[in-house]
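We just call them A, B, C, D, E and F in the order they show up, numbering each chain from 1.
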Amino acid sequence: MFHHVKELQFNARVSKPDVRFAKLLLEQFGGPNGELKAAMQYFVQAFGCRKPHPDKYDMLMDIATEEFSHLEIVGATIQMLLTGVNGELKNAADESDLTKVLDGKTAKETYIHEAMINPHFFIVSGGTPTLTDSVGNPWSANYIMGMGDLTADLRLNIGAETSAKMVYENLMKFTDDVYVKESLRYLMTREVAHFQMFQAALDSIQPNFPPGILQSDPKYSNKYFNMSKGEDFKGDWNEGKSPLLGEEWQYIDDPLQHVRDTDGLLDERAKGTPRTEESVQTANKKLSAKRKALVDNATAPKNGVMSWSVYEDEEKLKSTEKKENLTNHSINN
Amino acid sequence: MFHHVKELQFNARVSKPDVRFAKLLLEQFGGPNGELKAAMQYFVQAFGCRKPHPDKYDMLMDIATEEFSHLEIVGATIQMLLTGVNGELKNAADESDLTKVLDGKTAKETYIHEAMINPHFFIVSGGTPTLTDSVGNPWSANYIMGMGDLTADLRLNIGAETSAKMVYENLMKFTDDVYVKESLRYLMTREVAHFQMFQAALDSIQPNFPPGILQSDPKYSNKYFNMSKGEDFKGDWNEGKSPLLGEEWQYIDDPLQHVRDTDGLLDERAKGTPRTEESVQTANKKLSAKRKALVDNATAPKNGVMSWSVYEDEEKLKSTEKKENLTNHSINN
Amino acid sequence: MFHHVKELQFNARVSKPDVRFAKLLLEQFGGPNGELKAAMQYFVQAFGCRKPHPDKYDMLMDIATEEFSHLEIVGATIQMLLTGVNGELKNAADESDLTKVLDGKTAKETYIHEAMINPHFFIVSGGTPTLTDSVGNPWSANYIMGMGDLTADLRLNIGAETSAKMVYENLMKFTDDVYVKESLRYLMTREVAHFQMFQAALDSIQPNFPPGILQSDPKYSNKYFNMSKGEDFKGDWNEGKSPLLGEEWQYIDDPLQHVRDTDGLLDERAKGTPRTEESVQTANKKLSAKRKALVDNATAPKNGVMSWSVYEDEEKLKSTEKKENLTNHSINN
Amino acid sequence: MFHHVKELQFNARVSKPDVRFAKLLLEQFGGPNGELKAAMQYFVQAFGCRKPHPDKYDMLMDIATEEFSHLEIVGATIQMLLTGVNGELKNAADESDLTKVLDGKTAKETYIHEAMINPHFFIVSGGTPTLTDSVGNPWSANYIMGMGDLTADLRLNIGAETSAKMVYENLMKFTDDVYVKESLRYLMTREVAHFQMFQAALDSIQPNFPPGILQSDPKYSNKYFNMSKGEDFKGDWNEGKSPLLGEEWQYIDDPLQHVRDTDGLLDERAKGTPRTEESVQTANKKLSAKRKALVDNATAPKNGVMSWSVYEDEEKLKSTEKKENLTNHSINN
Amino acid sequence: MFHHVKELQFNARVSKPDVRFAKLLLEQFGGPNGELKAAMQYFVQAFGCRKPHPDKYDMLMDIATEEFSHLEIVGATIQMLLTGVNGELKNAADESDLTKVLDGKTAKETYIHEAMINPHFFIVSGGTPTLTDSVGNPWSANYIMGMGDLTADLRLNIGAETSAKMVYENLMKFTDDVYVKESLRYLMTREVAHFQMFQAALDSIQPNFPPGILQSDPKYSNKYFNMSKGEDFKGDWNEGKSPLLGEEWQYIDDPLQHVRDTDGLLDERAKGTPRTEESVQTANKKLSAKRKALVDNATAPKNGVMSWSVYEDEEKLKSTEKKENLTNHSINN
Amino acid sequence: MFHHVKELQFNARVSKPDVRFAKLLLEQFGGPNGELKAAMQYFVQAFGCRKPHPDKYDMLMDIATEEFSHLEIVGATIQMLLTGVNGELKNAADESDLTKVLDGKTAKETYIHEAMINPHFFIVSGGTPTLTDSVGNPWSANYIMGMGDLTADLRLNIGAETSAKMVYENLMKFTDDVYVKESLRYLMTREVAHFQMFQAALDSIQPNFPPGILQSDPKYSNKYFNMSKGEDFKGDWNEGKSPLLGEEWQYIDDPLQHVRDTDGLLDERAKGTPRTEESVQTANKKLSAKRKALVDNATAPKNGVMSWSVYEDEEKLKSTEKKENLTNHSINN
């Protein structure tokens, strides 16, 4: 259940209207790396965690709710940057009296020029934010991701925070308004904070590589195919040890010949790795059983009915118990 | 600023998993008439009201926040309906041990059949809701509307509540789960409640027809063009008085001839209406001035800076003053 | 079956080319509130009315066809505003001879600048309208709505007319061309006319609230949840009587506590309303039976075949009968 | 200006309801190769032809209007195939009395199963067609194309007719209803008819290859790059003469070596072609001048105003003159 | 299997940065008529040809791979046109030192103005191409088409080449950079070359009209409906013989009357054509059997397994055999 | 420049047709986590690296090209799974002879049932893959991301590999075909390999946190806001040290009160961190200068022209030099 208070989480302010920056800032209101994307991604992922991972659920909902609050900050800033637009549109009757809209400019020509910056502000939304990116693409749920597995979802969230941080960094170059910059810097910093929260949560789950349950096939996990010829380089990504499995990279310089030699890789063999098909199967079964049991135990219906919430007093009791259980759980997940 | 508490606004419960109904229910999670659409529509519209219409802002944010809370109810219900899917996916290693997923069914064939109902649940989201409609279309900001004018926005919101109500009504036919029906009925009823709130708010603004500022041209406002021939009918929509302006409908039986006779309607004349070009201009100017002043006064920067929030103690004081001012305001808006 | 005549319904004219206004006007050609949206929405809704509601079918097709005719007016105006673009693009060979494109401007720099206004006009559509909104989003069927129920659909149509009216009102501020303004005002006025037609049609159906068949649950239909704290206001939407059901609004000041006190609203009781569960069920059954019978009777196959049209002479006879039947029907629907 | 008559262009009939085929048939109602796509593509292209190419405008509007009429046939057929769905949804109150929906099936299980076929029909549109393809993707203006040049547009239209024909051919395999097949065969045949109309119109414009104005560069117009190795084939597309320019195909067996040898094709030379840079430039200039003049002359404003239509009597006179002029025009365009 | 070499197929060069032209050029990187569309369309179509039509598969993959290489040329050109953008964004810290970004311009105002041209370049992609069209619409698979039938697919590909050619032709008017023009002209020419390859391949398949298998119904294949009245014209598309079937066009001047007279065309009769229902059925069966056998024979599993590739030596042998078989095949397909 | 060889990178095989699994597998052909997404994401990111980061360019193009090759494997597998569909569609004429399509099933009912699984395969693509996900959403460039900064892009790529791995893991549960499983396991493993390559490349860039240039504000970088109440948990994400900056988490239990106490966080102070505003500014300037210089130096035009490729012999020389330079570069980037 959500609540709202009318004060913003951050005291967003604006010096003067600026339709151009309002347009750019839309990127973080309704764009693919923006606040709504983050809020909805964590909110949607959280449903699956509610029962089996209440600690991660708590974190995801804390951050999702903060992102909704940031969405409000961004929207409020855009609204203030658009001051004057709505009032001028209400001045619909008397065209001979076209007075200043923004920043002391007076001519109709200027007014039309402003409208070209983002027609939606002027002829559709009437001077309020639109749920689009900076060029007008409507927000799409294509932007949000979740795989029903925390070792995957937390990594996707790190990606989301990464790109959101970049957009704020870029945006700061396009305004001189110290108040607006102040808000942008706050918002950018919070992405850095969330990044670390997700990283810490990911680290608390072991094993967390590879994401999901199944191990990779040792025949193919450390091959590097040189598919782009000319100016070839070596680096830690194709020589030495792979960073997570610690296998020795195998550089395949001529992939076509290699593929032909191995009957389309069917005859490939594992090399440079201690892992075997047997060790893989063992690991798969062990992790599979453990994770399945965790989910099934937590979500099994009780007394023929499933419910989401326990209200009030029972709540407090249960919460205390849960926290104790969680200590192990986070370590072993 | 948003807050979240972990209890749902309504105690949503589910008897047993049901992937098929989970699929249908997605329509209200990520569909065009669903809870996210409503929540985001009112939330986005609210930005423009914050200063000039604080009472309507309060209402919009009350309802938007409730809709977010309903989105959570719908998502929680889908999650419970999908119980078993995530656990079974974790069972990734041991294929010979494919046990029951849902409802006592045991064979792989059945499992694959379930996956066909909505592949996203099984291979993408890992048994959690997806932000799509019931056939998998991603939620799109194309669904939300707002024109920066309350006489328009409130009507659009009535439309949103209307269609949301219909989908819940339809959904109820497709489940026998009494707990699920209970939640659906609650959610359907709230759409009816919100419908009336928006209607009341619209009625409190006078004049509210036509939406926006400008009056219609009396030459064209009461013409009915009979553009579809054969089985023509008369009704209150083309004979007698028009319901809002009270003009006499003029039925144009042969539009082509009429258009030719009037040089493409340029020679059209007003008929069946007391309104004149002069009365229209007067009304336009009056309303234009009034509404513009209201917005401009409320949004003008103070001391060279615009801010959104006043924190804490000042807040309480200001709120008291505002409410007094509002009494007139609602009447005169 | 559609027909076309080459004269426009309104004698649209343009003084001189204006690429910028052509861009803005696209909003009503291929935008979410534009003419195609309206035309297609009414056209699609009409299929379901053909048999059970021939009078509403007639009205929907009259208005849909007029909207197609308006789409043509908007497109023709854009085409005239783009005069010169296509010709200049044909001038593909001789770059040294780059002459004026639009409005007496001569330099290549100007030409490129024009192209930036809307690249689609210059490099894709070759100087013709594109089926997009003013920033280039392709028209999407996400814009159209219909629920298979006239008490819902007519309300959605009122919303569609509302937003279309607003966009025309806004557009008028961005052109000085008296001919273009003339067309815009005509088009704006027709939205006001259609609004009233839909309202009249809705009023002719009783009962029409709530939309659809099912009554709301009296336990939840008049509750107002104060979900957004700070600067709370009272108004007709949360105190006094609800405007359509006439129930007494119940203001819930602290929703969280209320939800906890009522076990997630499960223990909620009806208050401030004469409606009871029993009266609701009675109303549901009565309306359900009536509306179902109306539809089923009208759509039942005859002699093992369903057909859409009766051609020519039979047509005239049937039409006369139908009209007589309709008198009751409109009142009782 | 459009008109509508309530009779369909083709007497579409249906034997009995069939939700599954209704779903498939949506492909031609709101799908990328369907009737709306065709109608809108020709309608939008027509704007640019109105003045410079009145004969092609006439043809495009004739076919566009027929396609709208076909859209109506497809929609009517879907509506009839869905008979029963709307009535059953109106039966919202009495769940114990769930009677047959479609085809004599009676159980709720069956009803839910039907809903899975296309949830939109049951919970969103209430038993009417939706403007989507067969899997629910909303119709998008991405489907329509037009380049502002008849030698291009007519080819795109041939493509549109081609794919529409294929879908009808495929659809016929999925229904046994002789009435439905009858309609499908009519619709399929009309695509073949339109294909030939567009081909004839294209042939009447000379030169029409390449599309547009500019000639291709003889250095690169007849090279064939063998970019995919293994099982290479020769055919008329890479040996002998090219079908439209009549140049000798040059087969480049080792593109990488060739590119290196020619400094990235900068040093490429024309071979196997009589065309030269000079002949190309001459052709470009000639065609450029001719086509530009045609457009500019036809679209130039007269007396300081552009208009689209001439009403009534003047119309008839002008039409007679125009036709005489057209005789040359079609040949020389 | 794909390979990449780091040299471009064409030696693309750029004189100086130009954000505006970079924006326009996006149309061919991520737009509906651009290089990715072409590459993916042919690539996807090719799968179905692999077995039954290895010669056409070879051609489709040759051209698809060239289009991927052209996509790289376009992207490289955009990247060079954006030189300076990424570097300046890295200059994130020191705002007082805002130096020139592009083309010697120095002020922040100019920088912001540049950002308005395409905000994505500056705040999202950091100075690299985005996979959108020139106004920012994300590339969509809606752009690609394929019907599983070469007589249809090759025609669709001719359409694709047609529109791509037009966009390059238009683009050339908006840059003075001789190096960029050089690349554009190369790319435009290749579309003309591919057009002819597809035409030649289509011609090699007989019969290839109508596309697909089924013949058109002679009752409807040569009717021309005069659906748009006023200024009607005659031309090869509605009088004389139809260009592909050679039937006599039947001009229906008053479609409504005609439809009424024929009971909705049910009573229509073939006229002006030697084709009969019997000849149509014979042709259908013959072609159906031939094409089905070709596909089925080529795709039947062998020894209980289907495979895509034969590696290395067997490959060479098989290829030789195949080519011999193809000689007939191309002629008779 | 790309090349293609007709052998697949992996010898994909299929036992027997399976339309259902073909539908599921579409998720990795045209879905948001699939092969095309990966290929295009790395390909597009690579443009910006070409000059300043040739080693990362090499890696990105190696992996992008491998992903295109995987796209081909997935498409080939779908094509084989659809064996029979195209042949049966060619059997268009003789309906009385409807023979088996797939897996020995013979009745028309079965055939229609198959079509319901994915109508696109049967009525649109004619038995070839479609560029959509498993429920038919067209592939969209919304899926690809790139920020013009390697410390961001490589993290986004790790996210891409993560989700692709998960989908393959999930898919394996839905087929019994050992050949298909073999291919899926190979493809899944390669995602794990690529994950590690991107991680290694990221590690080779120092500093790489936070992504981009700008440091976070120490006032806000280590605050944890408890925005979701009830069942609150502590973990490494809100107590102890943050994992990347090593700051002490500050847990804000009552965010509303905190925000009010700090005037909307304006009065917030850094706590639990050694970082200061001064240290932040120093770090910003240093990194800013370094990264800007790297990009600017690498991309500056030479001799008034920018080019992308050096062909042939010069190439080899340059490559040798570059590699030497890269040793430092990778360390210092």
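Operating definition for what follows: a residue touches a chain if its C-beta (ideal position, glycine included) is under 8 Å from a C-beta of that chain, and two chains touch if they have at least 3 such contacts.
Source: prediction; values computed, not measured.
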item	value
Chain labels contacting chain D and also chain E	C, F
Shared chain contacts [chain A and chain F, defined touch]	B, E
Listed pair (A-F, D-E or C-E) duplicating the B-D contact set, over half by residue number	C-E
Centroid distance [mean C-alpha coordinates] between chain C and chain A, Å	35
Averaged-CA centre spacing for the pair chain C and chain B, given as whole angstrom	13
Intercentroid distance (Cα basis), chain D paired with chain C, Å	27
Touching two or more other chains - residue numbers and ranges from chain B	1-9, 11-12, 32-33, 58, 61-62, 64-65, 69, 88-89, 92, 124, 126, 135-138, 140, 142, 147, 149, 166-167, 169, 172, 212-214, 227-228, 230-231, 255-256, 259-260, 263-264, 309, 311-312, 315
Set of all touching chain pairs, with the criterion as stated earlier	A-B, A-C, A-E, A-F, B-C, B-D, B-F, C-D, C-E, D-E, D-F, E-F
Chain E-touching residues of chain A, taken from the complex the two chains share	20-21, 23-24, 27, 31, 33, 117, 133-137, 166-167, 169-174, 176, 227-231, 255-256, 259-260, 263-264
Chain E residues within the chain F interface of the complex	1-9, 11-16, 30, 36, 40, 43-45, 47-48, 50, 58, 61-62, 64-65, 68-69, 72, 75-80, 83-84, 86-94, 124-132, 138-142, 144, 146-149, 179, 212-214, 281, 284-285, 287-289, 291-292, 294-296, 299-301, 304-311, 315
Contact footprint of chain A on chain E as seen in their complex	1-7, 88-89, 92, 95, 108, 111-112, 115-116, 118-120, 122-124, 126, 135-138, 309, 311-312
Chain F-facing residues of chain A, complex	5, 7-12, 32-33, 54-55, 58-59, 61-66, 69, 140, 142-143, 145, 147, 149, 152, 155-156, 158-159, 162-163, 165-167, 169, 172, 182, 185-186, 188-190, 192-193, 195-201, 203-204, 210-214, 216-217, 219-228, 230-233, 235-238, 242-245, 255-256, 259-260, 263-266, 315, 318-319, 322-323, 326, 330
